[in-house]
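There are structures below to look over.
Here chain A shows up in two complexes: once beside chain B, once beside chain C.
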Partner chain A sequence: MTVVQNLPLICFYAFAAVMLLSALAVITLKNTVHAVLALVLTFFSAACMWLLAEAEFLALALIVVYVGAVMVLFLFVVMMLDIDVEKLREGFVKFLPVGLIVAVVMLVEMLGVIGVHAMQLRTGSVDPAAAVGMSNTEWLGFALYTRYLLPFEIAALILTVGVIAAVALTLRERRDARYENASRQVKADPRKRLRMVKMPPAHGDESTAQEEPHA
Partner chain B sequence: MPTLNDVLIMLPELYVVTATCFLFMLDAFMKPAQRPLLHWLAIGVLLVAIFMVVAGQPEGTVTAFGGMFVRDQVAEIIKVFALATTAMVFVYGRPYLIDRGLRGGEFYTLMLFAVVGIMLVVSAGNLLTLYLGLELLALSSYALVALNRDQKLPAEAAIKFFVLSALASGMLLYGMSMVYGASGMGGEATLGLAQLNQVLGYTTAPKLLQFGMIFMIVGVAFELGIAPFHMWLPDVYHGAPSPVTTFISAGSKLAAFGLAYRLLATGMGDLGEQWRLILAVLATASLVIGNLVAIVQTNFKRMMAYSTISHMGYLLLGLSAGNPEGYAAAMFYAICYALMAVAAFGVMLALSRAGFECEEISDFKGLNQKAPWMAFLMLLAMFSLAGVPPLFGFWAKVMVLEAAIHGGMLWLAIVGIVTAFIGLYYYLYVIKVMYFDQPEEGGAVAAKPDRSLRVVLSANALSLLVLGVWWGPLLGWCKRAFGA
Partner chain C sequence: MADLFLHQLVLPVAYILAIVVPLIVAVAMFVYWERKVIGWMHVRLGPTKIGPWGTLQAFADVFKLLFKEVILPAKANRFLYYLGPLIAVVPALAVWAVVPFDSRMVVSNANAGVLYLLAVNSIGVYGIIIAGWASNSRYALLGAMRSAAQVISYELATGFCLICVLILAGSLNITEIVNAQAGSKGFFEWFWLPLLPVFVIFFIAGVAETNRLPFDMAEGESEIVAGFHVEYSGSPFALFFLAEYANMILISFLSAIFFLGGWLSPVQGWVHLDAPGWINWLWTGGFVWILIKAFLMSFLFLWFRATFPRYRYDQIMRLGWKIFIPIAIAWLFVSGCMRYFDWVSVGVGA
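Up next, the complex of A and B:
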């Protein structure tokens, strides 16, 4: 009975543990392709946690957009790059103990100060979607275009700036680039391409004629 | 539900966004011969925006979009000066950009979007808009720093800026999530800054709230360039194209002040006693590190970067007082610093030419013999930065020191005064180099013959003198904004 009651909590801890371990794997694995796959697992665990919080739309969007599109692109790029993995990880082992100590001390401090007890407290908020009798997706759409219209629009602006910045930083006008100009090709005039030249027949000896066959 | 009234309240922001998009499209379809027009149009957009901000100033405080956007006097003053200093950057930067072939529409577009970011940050009434405004500003800034992409230094600076800024932004967001969590324990979870102010009263997890606040302070300190979160500043100042450096030292710092004020004073006012002390310690570190390391710099831009670090320390002096008088003094300081920095970099930009950056202090040797007027304008800027009376910088320092003493932080004020004397050295060194050294081969020669640059730069530097004598109205404006 208690296990059934606590099932969401157990699932939460299980997904959280998987997520933390896979996140750790992202930064520790030697093979970059494995690291990207570990990142996929991290996103997937996060999506599962959102499902537990009854945010179905966000969970599916995370899988479809991040796992399905962004991470696959990422994987392509990583596979195409020729990275010297050994060199990349050189400093890592050296600084790992220091980093680990700092991380553990911070974790212990945070747990000590904030307390495990406080973390287990339930929030006083109610699910806003359930309160108005809507599905999660419906409520999300409703909230985005009414209450959160301004942040939504600012996010759109940020994306615009991202596009402009990407173009500004990568677009190059190459003068040596070869490209086809269709309209010039159509307009091409055969008389301008081929010039008929009348030349007097050559009277020189054979060797000169062989040296300059096109003259 | 958003209404027309919400839209009217944020009309200046909407205007700048629309005009920027329009300029952007115009740039794409313009003939190359008409491109110079873009420069004047961009300045026009900023001037009209200043007019809209001042003319549409509401009585008291009004909010839009359910409290997500706040329009009050504090926001109005910062916006006016951020818009004005950006217009100055356009004027000063034009010859520099023409010489280096960077004068594309993207410089103006990105700068204007960055300005929109500043306007949103200083008007934010909600953690969400605050963060998004900051990201808009930051993303535009990364691209602007890397704009001169064929050279190594800007690329390196941009990567450093991007990585460290992303880390700081992550810290800020982490802190915000903790604060949001704390607000939901024992009450309704909220992102509104005004509502967060009451969280300490009811929350069952006050420690979580404090933890969140500390993470948020890290983010704020990074944006301001406060030691020990200052490492990005010298490299970014050095590597970025000089007009962008000017913008980062003026407009971005005004935004960072707005961020600190909104987040700490509005959002975390209840925890004032705690963040005041943290800010005081950070201010001490900044004042000492900034002023001491600036002494050994040979590059003018790097020296100005460390100078910025120390000046942001003074700004924190005002904020750490934790009362309206202190906030007013800090805002007065932020405005003063923006005007001084723009003037100092303006002279540098005026003396740069194609293939010559004029960024080493030794480039200024004997400037008085070659360009006496430019040397005089630089002298005004340096004296003002050093805080020599009767210039503007002196009064700004007096106000923050006074605020710190009234706030019960006498020791901090003493640190501020001692480090101000240390700082005198490197500002006076620049003046010594300009007036008493013999000119060298390969240094700066006469300034650009650009008339608009000369007129605006002269007005800018002389305003430091005028405001040094007649600072009352501006200070009064700042004090009224905070009700001090």
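Up next, the complex of A and C:
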């Protein structure tokens, strides 16, 4: 009975363990493709933990956006690259102190933010979605498109600027590339390019022999 | 305790089996039907030897595949090589958890059903990419690359199409989306009418996402042999096959659910007869209707295959990015207006 009651907790620890191990694998695995796949697993476990916390929109959006699209493109790029692993590992000892300092600073900052926030949280605080009898996704939609519409639109605008900037930076005219003009291809008329000719059979009746263009 | 055991373990497993086993049989029969239909379209007979009219041909093929030797290419990545087909088949079966067959006939009537559908569907492409990379073969890698680019491109179009449906239905719950298409004007109540361009785009993007002809760039026999699964044999190959056909059937069901009123009857609101229950579904709706609709939609897959030549890679990208996505975005605004100005009636009461 206790196993069933504690099932969410057991699931939480299982997903958390998988997440930490796969996050560790991302930075320790030698093969870059394996590392990217470990990162996919990390995202997936994070999504599962969010599902446990009943934040289903965030969880599923994480899978759709990051696992389903961003990481596929990542994998795409990493598979194409010819990465020399030995060269990457050369500076490991040299940069280790710097890396450690950055890690410690980040840890302190995160502990500060999350720790202070956790102290302010009251246990048993009311879930705003449940309070108005909506599902998490529905409430998020209403909140984003009414109360937080301006920040939401600004975020969308910033993202659009980012997309346009990225395209502008990478798009270059290539003189040597040959492009197909699709609309010209679509407009091509088979009657102008192909003429059907009815040939008389070699030893057939001469009276039926006549040449006519295909209508 | 026994009660808990029943509800937490036995019943869910029974529901899952009740979906998966008929699905696998449906895949086998769909393969037979495909060979038969394409045979007729080519003025051939198709399979005729095994079973009456060749109906058991698909099962013979399955057993042949299962008894074949599984070959691991030299220098292939052993773990990922076997993981690929599994990752392809698991999402293809897992999505069926939220697909409703009737108003009460669904394994999980989840509130975020459409999101779950998109999320699980987007994982399937990893099976293809991993298989293509782990095979350690140039053809397989090329197939995987093409497939990744194609699926990403067409997923966007599919997503926009679904958003149009969500705007009209006002819910992420798939059962409620079907109920929103109920009404008194028969099949004119369904979303295919207000969302006609979106319906066409959704289905064509679905054909592209399942890597079926004329969008089968990932396999492209005449160019890259068989693409991502060129190195696979035996049961791992059978898993890829199962995933592809299960996804085709899924796209057919989704088209029926989102645009053709799911289990609703095409004569809803027009015909009211006092008849015994076994024939009532003809006008009140029932799971037979969704099966008929999905069967008709899945026939289109076979028709396309027998009719169209394969698209060129740049044509696929152009169609996805420059035609489908702009039209879908434009219709997003149109469906927003439909909803805001009440141009379409949604649900029974509205």
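In this section, the second predicted complex is superposed on the first by the 136 of 215 C-alpha atoms of A that agree within 3 Å, B and C clash if a C-alpha of one lies under 4 Å from a C-alpha of the other, contacts with A are read in each partner's own complex, and residues count from 1 in each chain.
The definition used in the following text is that a residue touches a chain if its C-beta (ideal position, glycine included) is under 8 Å from a C-beta of that chain, and two chains touch if they have at least 3 such contacts.
Not measured: the values here are computed from a predicted model.
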| item | value |
| --- | --- |
| Touching partner for A:Met110 - first (chain B), second (chain C), both, neither | first |
| Contacts of A:Leu58 with chain B and chain C, given as first, second, both or neither | neither |
| Partner chain(s) touched by A:Ala25 [first = chain B, second = chain C, both, neither] | neither |
| Which of chain B and chain C A:Leu150 touches, first, second, both or neither | first |
| First, second, both or neither for A:Val161, with chain B first and chain C second | first |
| Touching residues (chain side chain A, partner chain B) in the complex | 110, 113-115, 118, 121, 123-125, 146-151, 154-155, 157-158, 160-162, 164-165, 167-169 |
| In the complex with chain A, residue positions of chain B that touch it | 1-2, 17, 21, 24, 64-66, 68-69, 104, 106, 109-110, 113, 116, 120, 126, 128-129, 132-133, 135-136, 139-140, 142-143, 146-147, 149, 181, 184-189, 204-205, 207-208, 211 |
| In the complex, chain A residues that touch chain C | 1, 4, 33, 37, 40, 47, 56-57, 60-61, 63-64, 67-69, 72-73, 75-76, 79-80, 135-138, 180, 182 |
| Residue numbers on chain C that touch chain A, as the complex places them | 1, 4, 8, 80, 111-112, 115-116, 118-123, 125-126, 129-130, 133, 141, 144-145, 148-149, 151-152, 155, 159, 172, 314-315, 318 |
